[in-house]
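To keep things clear, I will list the structure first and then write my remarks on it.
The chains carry the letters A, B, C and D, assigned in the order they are written, with residues numbered from 1 in each.
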Amino acid sequence: MVRKVAFAVACLLLQLPLLAVAQAQSPAVAAVVEELVAANRILAAKGILPGYGHVSARHPENSSRYLISRSLAPELVTADDIVELDLDSVPVSSSAPRVYLERFIHGEIYKLRPDVNAVVHNHTPTVISFGIGSTPLRPVFHQAAFFLDGIPIWDYRDFGTADGALVDTPERGAALARALADRPVVLMRNHGVAVVGSTLPMVVARSITLELNAEIQSQALARGDEIVYLEQDAESPGSTFDRAWDLWLRQLEAD
Amino acid sequence: MVRKVAFAVACLLLQLPLLAVAQAQSPAVAAVVEELVAANRILAAKGILPGYGHVSARHPENSSRYLISRSLAPELVTADDIVELDLDSVPVSSSAPRVYLERFIHGEIYKLRPDVNAVVHNHTPTVISFGIGSTPLRPVFHQAAFFLDGIPIWDYRDFGTADGALVDTPERGAALARALADRPVVLMRNHGVAVVGSTLPMVVARSITLELNAEIQSQALARGDEIVYLEQDAESPGSTFDRAWDLWLRQLEAD
Amino acid sequence: MVRKVAFAVACLLLQLPLLAVAQAQSPAVAAVVEELVAANRILAAKGILPGYGHVSARHPENSSRYLISRSLAPELVTADDIVELDLDSVPVSSSAPRVYLERFIHGEIYKLRPDVNAVVHNHTPTVISFGIGSTPLRPVFHQAAFFLDGIPIWDYRDFGTADGALVDTPERGAALARALADRPVVLMRNHGVAVVGSTLPMVVARSITLELNAEIQSQALARGDEIVYLEQDAESPGSTFDRAWDLWLRQLEAD
Amino acid sequence: MVRKVAFAVACLLLQLPLLAVAQAQSPAVAAVVEELVAANRILAAKGILPGYGHVSARHPENSSRYLISRSLAPELVTADDIVELDLDSVPVSSSAPRVYLERFIHGEIYKLRPDVNAVVHNHTPTVISFGIGSTPLRPVFHQAAFFLDGIPIWDYRDFGTADGALVDTPERGAALARALADRPVVLMRNHGVAVVGSTLPMVVARSITLELNAEIQSQALARGDEIVYLEQDAESPGSTFDRAWDLWLRQLEAD
């Protein structure tokens, strides 16, 4: 306790942000923080989070909390920027720096979905184009089997149009989470997408795969093709996204 | 005055261009010049000003003047290249270097629009495609709410076609500014676009958002989709483009 | 033999993977391994193998074996990662590291096609889009003459849909090889493509050309064009892909 | 003469290619060679000549000769690779290294067009797509005014289809030049394009502009738009491609 106060005083004296996730936390938390920083940087490098958007992870030791960067472009996030929030998206520390306006996307999904440990919110052009159009975004290749049950679209217009399309209140976050229901992805009308997973590598791979799927589907439809969508009755026997995660980590090192 | 003459003589002796915006100006001007250089480089890095096009800012201490680079690719602009012009787009210094042929876009807009402090003129392929086609460029996602009132198209053919599509006379600049009226954006038939804002970060963010919106809208239409356009009755509660501006500045440093 | 045992013991002591292709092999094998590493890296750099997909080469001294990387992103492959497999896709060394799940694509094609010495399996968005759509992928430019006889599509649904679209069994690999028959390319429904050639430079050039052809054809069809497909009655007088291969090698060095 | 023989002997001893354009030539030739190397590298960097394609310049002191690289990817071309050919595309030096198979494009155009001093042959996907389709490539923006008179398409099928689509004989080159006639651009069915100009900077800028125009026109048509094509009755008052050329040169230095 004395140590924490000293840390806070030092921060104030040095005009550093007083972070909710102190450096002295458990190895489990430190590991998730490190993975969360990597997820931010990988998704920035892949063009999924180019200045806007965010990724979070459930706290590994307290399932009613989650970890997310302070309001910052994902490309710039470091461990020092990670803040701890409760599931109402209120920072645990009263002196935490400002977090993203749309943090409720994360908190409200963690509330309704105990199986979810990681959430990405992004707005790439290709994915947004499916949130404004009349074509359902459907799996067209083997890696996209995870959304065979379809992708719902949450519509901000249910709340009227006076306040725009952002998910910037707890009520909107809760409505989005209900629209997501038990699916891995929910599109947001005129805005973007939320992708969920049980781990950070899974949600990163799913976000990248969703983008690829949207590109492939768009290209075939632009030619005027009839599409044979992916069919699969059972879960695929395994996933290879660990291989990709390793690559993405090494690409970050090479930058 | 003696100092300025000495500076001019030194420039002549050293064969440097004699710049209208001297190094010894006020901190307010120096700050805008610095921001203008950053805007040039950010828009070049984002592909909005790839060798062609330009960005300007109104003079912070004299609203009947504006600042813009001498005729130079935006990627190469430094503080030494910034020239001061009056609103007729005549350089304040008689020995100023050559400025862009289409500088009248800027001057004439500043004349008619006291609320405007920054102007971008660009011609990215995606945006041009809306200046040649029959589909109106309309907001499809939340960041694009700023042009909910629509984008007019100025048509050079009003001046006949003998002299081409460029805005290379005061008369054409004035006609373009009248077509813009009170909007944030005006398309230019078979040419490009002019985007305006109250600050440089705003006009940079708007230029990038316009490009994204054009991409998203094109992609959905190419699939043959019906589009649900953005609806919003009131101004969005705030803007997050400061976060993006910070990122873009840091990306310049990393180059 | 003693030497190999010593090498294995050293590997175990040093916790290195025990590789099937030892360092002490013939110059012919070393040359193919070097070329195979380059092929991995070139195809990664060109976006054909971005984290997923693989390339292999037939063993130059034993036509019933082939060489392929252990399960690793192509961008990261080095000579030490190359494994030797028999045509049933079983590693020659019982202590070989894990190889790609879909290695059967390679082994079963080498079995049926004695003229083939190199195989690429990839899933770029543009090529996949032809494996989900109704437009046949057909040659539209001179470099694409190699598939004038057409590209068959192998359909995983022949095996039912319970296990997904991957070629992860010998039976599926054999069915794919039969669908390929005597052609240079076979598309895989909802998945990707396999490209074959008599050398690694040829199969790399073919993979890149196939991607370009798919882009060109898609773009013309998206405009609504009628297409004049390539016509050619005889083999082209020669190939210039050696020039490209040299370039790609130098680009790797420059990275 | 003695000096040239000594140079040739030294080349042979050192196993260097015996170049037709010796180091000891006039400043005018050296300047064109330098500009030609820059043109090669700029067009490679811009994706117009990515491993394939070529650019040439007429000899500045002998209008019945032209300069072009030996058979080499444009990205790698240096002054030492430039070869001098007569207008039958025969190297002036009997010991010159091998030149591009399709050099006749250049020689035959220089024969018929005394106003032309620089030629580019390229095959970017977007441009090729107009050489396979039914939509005429027409100017849609101000920089593209140079081809307001339309772009003819030369069709290799006039020579039968047995030998493919390449311009690899003097007869085919002459037919292509006749198809070009007095225009700045000729498309080649199922193959690519030839662009001509009075200087290297002009032909480089035209090649890049043609690519942009093709992208813009394709994008509008893919949306299903009606297009308002560029109209202009007189030559535009000037060109700004010198500004772009300066930028491109500096970008090469920064690489």
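Criterion: a residue touches a chain if its C-beta (ideal position, glycine included) is under 8 Å from a C-beta of that chain, and two chains touch if they have at least 3 such contacts.
The model shown is predicted, which means the values in this text are computed figures rather than measured ones.
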Angle of rotation relating chain B to chain C [CA atoms, steps of 5 degrees]: 180
Copies chain A and chain B touch via same or different residues, half shared test: different
Chain whose mean Cα position lies farthest from chain A: D
Inter-chain centre distance, chain A versus chain D - centres from mean C-alpha coordinates, in Å: 48
Rounded Å distance between chain B and chain D, as computed from the means of their C-alpha atoms: 34
Interface hub residues of chain C, defined as touching at least two other chains: 222, 224
Pairwise touch network: line, ring, star, complete, or other: ring
Pairs of chains satisfying the touch condition: A-B, A-C, B-D, C-D
Residues of chain C defined as touching chain D within the complex: 140-143, 145, 212, 215-217, 219-220, 222-234, 236-238, 240, 243-244, 246-248, 250-251
Chain D to chain C touching residues, read off their complex: 51-52, 71-73, 75-76, 101, 123, 125-126, 128-135, 157, 160-166, 168, 189-192, 218, 221-222, 224
